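Two complexes, one shared chain (subunit A), two partners (subunit B, subunit C).
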Partner chain A sequence: MTDLFPFLQAAADTAGAYHAFPVIGSRAATWIAAEVHLMFAAFVLGVPMFAVITEAVGIFTKDERYRERYDRLSKEFTRLLLVAYSATAIWGAVLVFFLTTLYPRFWNHMTEIFQLSMWIYVGLFFVESFTLYLYYYGWDRWNKGRAKYWHWTLGILLNVWGTAVMLIANGWLTYMMSPPAGVTAQTLPSEVGLWNAIANATWMPINIHRLIANAVFGGSIVAAYAAYRFLAARTDEERAHYDWMGYVGNFVAISTFIVLPFAGYWLGREFYEYNQQLGITMMGGFMSWLWILQAFLIGVLFLAGNYYLWIGMGRIPGAERYRPYTKWLLIILILGVIVWSTPHTMIASRQELEAMGGSHHPFLGVLGVMSAKNTAVNLMILTTFLSFLFYRRANKRPVAPWAKQGMLAQWIMFAIAAMVVLFFGVYGYFVSAIVRIGFSVYQVLAVLTTIVVVTTLDIFLLRGAESRGEIRWGQMPERSQYALFILAVTFTWLMGLMGFARSGIRQHWHVFEVMRDTSPDAVTPALGYASIMISVCVLIFLGLVSFIFWLSELGTKPAEAHAPAAPAPGAGPATAPAPGD
Partner chain B sequence: MWRTNLKIVGLVVAVLGLYTLVANSIPQLQSELPQAVELSGDVTPEQLVAAGERIYNGAGGCTACHGLGTRAPNLLTDEGGTGTIGARCGSRVAGMSCKDYLYQSLTEPAVHVVEGYQPIMQDMRRTLPADQIWAVIAFLESQGGTIDVTADDVRSAQQPSGGGGAAPPAGATASLDPREIMTANGCLGCHKLGDQGAAVGPPFDGMGGRLTSDFIRTSILNPGAAIARGYEAMAGVMPPTFGQQLTAGQLEAVVSFLSSQR
Partner chain C sequence: MSEPTPGARVRFPRLSPAELRAALRHPFWQAVALLVGSYVLFKFGVRYLPPLLGMKSAPVPASVLTQFMVTALVGILIYVSDSEDRWRHFKEPIHAGLVDADKKWIRGTLLVLVPLTVAFMTYERVRPSLEAGAQLRSIHPAPPGTITFRGKTMALAGLENPLRQQGNLADQLVEGRRVYYENCVFCHGDRFDGLGHYGHAFNPAPLSFTDPGTIAQLTESFVFWRIAKGGRGLPSEGTPWNSAMPAWEDFLTEDEIWSVIIFLYEQTGWHPRTWGEEGGADAQP
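For the complex of A and B:
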């Protein structure tokens, strides 16, 4: 009987369960609506995070020059949000209309369980939108004294509402992947408890993963915006401001991106714990090549991120002393990308197996395993951190009496971390899989500890340091700004790819092992088709975002024409601190 | 400015094109839908092998683990010098024919876990009808061995009683004997009970003295809810599907049996 259930369920589906969308089909239409909505949602959740942080820096800094600069930056972030909110809501409405008209049976199932949360969601979105309007339009009115603190509180509230909205929506989508254990195909939706459905096995890991990813995504889009304004700038002052803004956006994106894989590990582990089959489908089933593509994309991110830093050092007096090291850093990164994107345990046809003479290629057997890959990625993170460290201290000369010992300690930390990573990487080849998995924890801990300790030491080490010269903000070659575009496009594409992985592992289920997808599009497509869909979604999103940015610029032009000139590089953004100072 | 705009658009399109090109250049695999494979009562061995190969590569989901060299033994290629599955299946268990060995491996996988691997395979009767299991066996036998699955096996599997073919999973039987239920569901593949079972999960011996009935019930229905100390590395191995496999009566029979183990 159990064997037959899926087939009986399929047969019982009536023609009313699905409706067709013209030309591109229901799946493609819903895919685009969901993905573009999600990209906008990530943007409007990510940007307020550092809008409120930069505003706080402006409020609490003791240096008057920085106060105005950070406040302006924060307001500029917020201005980008206004139209983006409308776009998010519009695409959300499109998605709901597609689901209700194209997948009515599925939609009925979801609304029966989640209707209360859907009403709360709408209410929160309403409150969130009006908080944003108050936050932005009240900026100049509530800019002094106690009123400024109230204004900042509005920014915090904006983040609270946005996060609550995200948590609710995550409950819906994670229910589709990991419905509670007691819910089966025979369970009536009305019998499923709302909280039980929301707080399912993958809800919290997705919440954390998305929260971090939104900051990464928001940072990269803001950096791309700044890059565009840099390229379009007509004055040195403008160029200096947008050079600095691009740097801040990129710093936020890369620094938060470094912790994202750890949230990803947790999510993956929850998939395995919930259902072995889901985990195996994700990592080793028909999706196995997806992770090679992911490695390639992350390789591009590492290379472009470091390239931007290295070029940026050209505008920092004193950075010349680090230039000889750049080629070595580049070599480590390239070797890391090669190892990380080496396929190993891939599904192969019988002919391919015979041609290789085994389950994996003899050349790739050594490099394609987790030991080598974990070693590669940890060394890449260390290398990127080292690049950032060079950048940060390029124009500074420490004056602390313990400076020499401090720097020696930092180098020793780097060396120890690299040795720990290499040791467990090599040792991993000689132990069983279950022991090897545990080694990745030691590698990650070594790298994270080094990042935290070295950064802390650096803050004290450079306190009161002599300047070797001011950063010449704005004096950046144009090609550096194109690296920021590559980063934004790659982050956006990567988000689409991971969305496909998360959603695709359900395979032919709307709700995993509860409601079968019996539509003509029930087969989860191969990566080639998915990549075309992702590229289309990214193009639509970037096209609309560009339009929104143009609109926001259009609305401010008359005001800017009468605004006082921005500070000159020497006294203006040129002296702005790098994040982390 | 238009030149800059064009440069940016060109760059964006080139990056998207590159990623799309790379994604289309690697092997294209899509998930397969479970489909009913029609097998008539007078099916030939060749037809059985062909059907078995389709199921093996598709709806059976076998390739998710077999053939990767890490999660499960290779079947179509050599495994540790013992040859392909058709060549080695007859000598895996003394006195057991290849056909019987493969049948039991598919329907009670916990009984024959190959050394060095985890007992993660499920009872294939949960996903494949009985006649399709025989088709898969025929395909596996064809990998270096002799095909002795016949149309009779398929015919008897297609009988309503399933006599001689694959029996329905334990969850569908009416048995309320806890030992029988636990054996049929492969519990002893991981838990020790007396001199039976393996030490992958916490032992059943003395379980009633260590855990309450409610805790045991929750752990069966949702194995990830709490992981016993010392077994953290095995988290995720136990399938969370017993709530669907067992009837309420069977679940209670197992819970009360385990609670009585002191």
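For the complex of A and C:
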């Protein structure tokens, strides 16, 4: 028995650190649980933002025709949330069980530091769930007068609780990426202050990035839901309603998506600031090819979003006058995607390498650096904004006396922004890195300023504008709805890919340079393997979400599921407003 | 349509200028022309046009060509389908080719051509070859947190070139020049472009320091690490490296390496990336 003792002791030590998960292994199991949980979490955080904004539009609009329409839309979003909340909680529980059983040593470390925040997290989740129940089940009861404002307040509270839950969880995961200065492998977890651990270097950039990304994600999933209902619609009214809903979802997704790259850039900057190794591993090291994949996916998003708008112009009287321009917008977008996805270090055979004189192409190599990439993405954002502007004013004729001057000012703003972006893009090749990085700020500012000023001008310009005809909601080709599906799938896949990038750059650390990963899975997986894992997670998530879509229809009465879209006499589906009006 | 008499030469229909203009306005033929034009531009234009303007170029690697063509194809499909009229016109010849009685020969030709093309592509992919596969190299691997230089541990993060703070910069440049011309010039070349006498023997070629994607993107500590540890000190990620660069710590002192770094930046006109305030995500694959 005594001979066995050292062996048992060693076995006990090993077992204390890691346990194995059958067939797919601990890492794959935890990866799937974490990723699918995160996707559901993004959904249940993004959709309430949506619901509360559309409910507010319904409450505060002066036009009676739209009041019920927006209210119904908001309620429909919230109905999707009920089951999604359960799914989020279930996957969260799976993740916690996997972490406690498969990575007990690591989990001990985390709980010793974060236990108080974990209790608060659970409490908030509890409150959040019951706020949701009140919000949904009280919809019809608190639908008039002052009670409606209280109901809307519940929606706001739902968002507040959800955001607080996210901020806490972000504190845990960013601690793993960028533990506070002074925390080393020798530091006892009990010596790490809770607030110090939460408010680490990458916490706030991730908070902002995720907040925006959740709105984008929520919008795209809602749009996909609308697309599914549009394709399954039995009546013109239904088609009109879900066409409109798809447009609203896509509008929110694309308009919030436009600012997402700036938040991502800030996060990337913080990684570099925190640790050069993290930064280079992410952008220039073995993960660098991940960004080419990302560039492709974001290219797909830009193209699909614009494609949907351009097809949609087919159902707007007056949009014909903008038709000739869309091909030029398309050319800019395609050139942008080509530039953005051109790798600096190219995959090449030995003969090709020899002909190029290395891994950098002597001519195309100039497209591989950030000057070219920033220029391309900023021009793509400007182009998408212009597409939206065409769409928005397609059926309107401004009557303001200063309309001509106003539109000229808008065009001048666009031209100046494009010139600023191009100038700094080209000039960036002739200055040092430190100066060049500063240029990206000028490019971003030029684009954002243009978006804000042109939108503000447009609101006043189109106030009281004459209509060239009502939008023919529902008269949308079916292929446009597949663009919405593509957007949802791409956003979901992109979320998985970026999650891998963020988490993978820690390499063989559970907590970067504090707690080493000594499990058999400590090796950082190759991009091919990661792509398969991400695809599995996306399939699981979308499969479950499709089930939720089906459930939401199953749970409604036939009359409600196929209710006429026109809520008020004379207010046909074609009169529904476009967001931003 | 009359059957051709046996033995007679097949006459292809000739298009009048008006018919040609009409075909060029047709979305289907526009799409075909755009696709072919894109291929010609990416395959031959990128290779041969820049030299006409005095710029260097080279053939586009197959991986990048495929990437560009996929993007072009997506763009063309969006163009033909973003309006209902254009989409309907675009589908007309396809529909006619698949259904019309007088287009039987098109269906027959496609029935032979498509499987043959697929078979040829499959053959090209699976046939045994002595050629090494396409490689994905990471030019700027992540540096380790610390390195050991001749027994001395050096933390790379935040490390500055100490010679910039001591002595006379002109003296450092003289020393750097000596080190470069005694050790580096043979591969990296007199013009710092990777075209030294021995450089031609290596594939991939030694790095060109004049390229804006090499030392212009890096901190001096990164360059120090690469010179000190050479090809064999590269991390396992992103292998195979195929780098023949020696680990210069075996031949040069710490000061000699720092001085040659000063010389490189001075001669190429680049400024080393600095620590702290800039920090941005500026590196790219």
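Throughout what follows, the second predicted complex is superposed on the first by the 539 of 581 C-alpha atoms of A that agree within 3 Å, B and C clash if a C-alpha of one lies under 4 Å from a C-alpha of the other, contacts with A are read in each partner's own complex, and residues count from 1 in each chain.
In this section, a contact is a pair of C-beta atoms (placed from the backbone, for glycine too) under 8 Å apart; a residue touches a chain by one contact, two chains touch by 3 or more.
A quick note: this is a predicted structure, and the numbers were derived from the prediction, not measured.
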Touched partner set for A:111, first subunit B, second subunit C, both or neither: neither
Partner chain in contact with A:307 - subunit B first, subunit C second, else both or neither: second
Which of subunit B and subunit C A:440 touches, first, second, both or neither: second
Touching partner for A:86 - first (subunit B), second (subunit C), both, neither: neither
Subunit B versus subunit C as contact partner of A:504, first or second or both or neither: first
Subunit B versus subunit C as contact partner of A:530, first or second or both or neither: first
Touching partner for A:330 - first (subunit B), second (subunit C), both, neither: second
Which of subunit B and subunit C A:522 touches, first, second, both or neither: first
Partner chain in contact with A:187 - subunit B first, subunit C second, else both or neither: neither
Common interface residues of subunit A - those touching subunit B in one complex and subunit C in the other: 269, 272-273, 275-277, 279-281, 284-286, 288-289, 292, 296, 345-348, 350, 353-354, 358-360, 432-434, 437-438, 513, 524
Contacting residues of subunit B [partner subunit A, same complex]: 1, 4, 7-8, 11-13, 15-17, 19-20, 22-24, 26-34, 36, 61, 63-65, 67-71, 74, 76-78, 116, 120, 122, 125-129, 168-169, 171-172, 221-222, 224, 233, 235-237, 239-241, 243-245
Of all residues in subunit A, those that touch subunit C in their complex: 265, 268-273, 275-286, 288-289, 291-292, 296, 299, 303, 307, 310-311, 314, 323, 326-327, 330-331, 333-334, 337-338, 341-366, 368-370, 373, 429, 432-434, 436-438, 440, 477, 479, 513, 524
Of subunit A, residues touching subunit B in the complex: 1-4, 6-7, 181-182, 184, 201, 228, 231-232, 269, 272-277, 279-281, 284-289, 292-293, 296-297, 345-348, 350, 353-354, 358-360, 432-434, 437-438, 482, 485-486, 489-490, 493, 504, 507-508, 513, 522-532, 534-535, 538-539, 542
For the subunit C and subunit A complex, residues of the former touching the latter: 46, 50, 55-64, 67-68, 71-72, 74-75, 78-79, 81-84, 87, 131-145, 156-157, 194-195, 203-205, 207-208, 211-213, 216-217, 219, 222, 237-238, 270-271, 273-274, 277-285
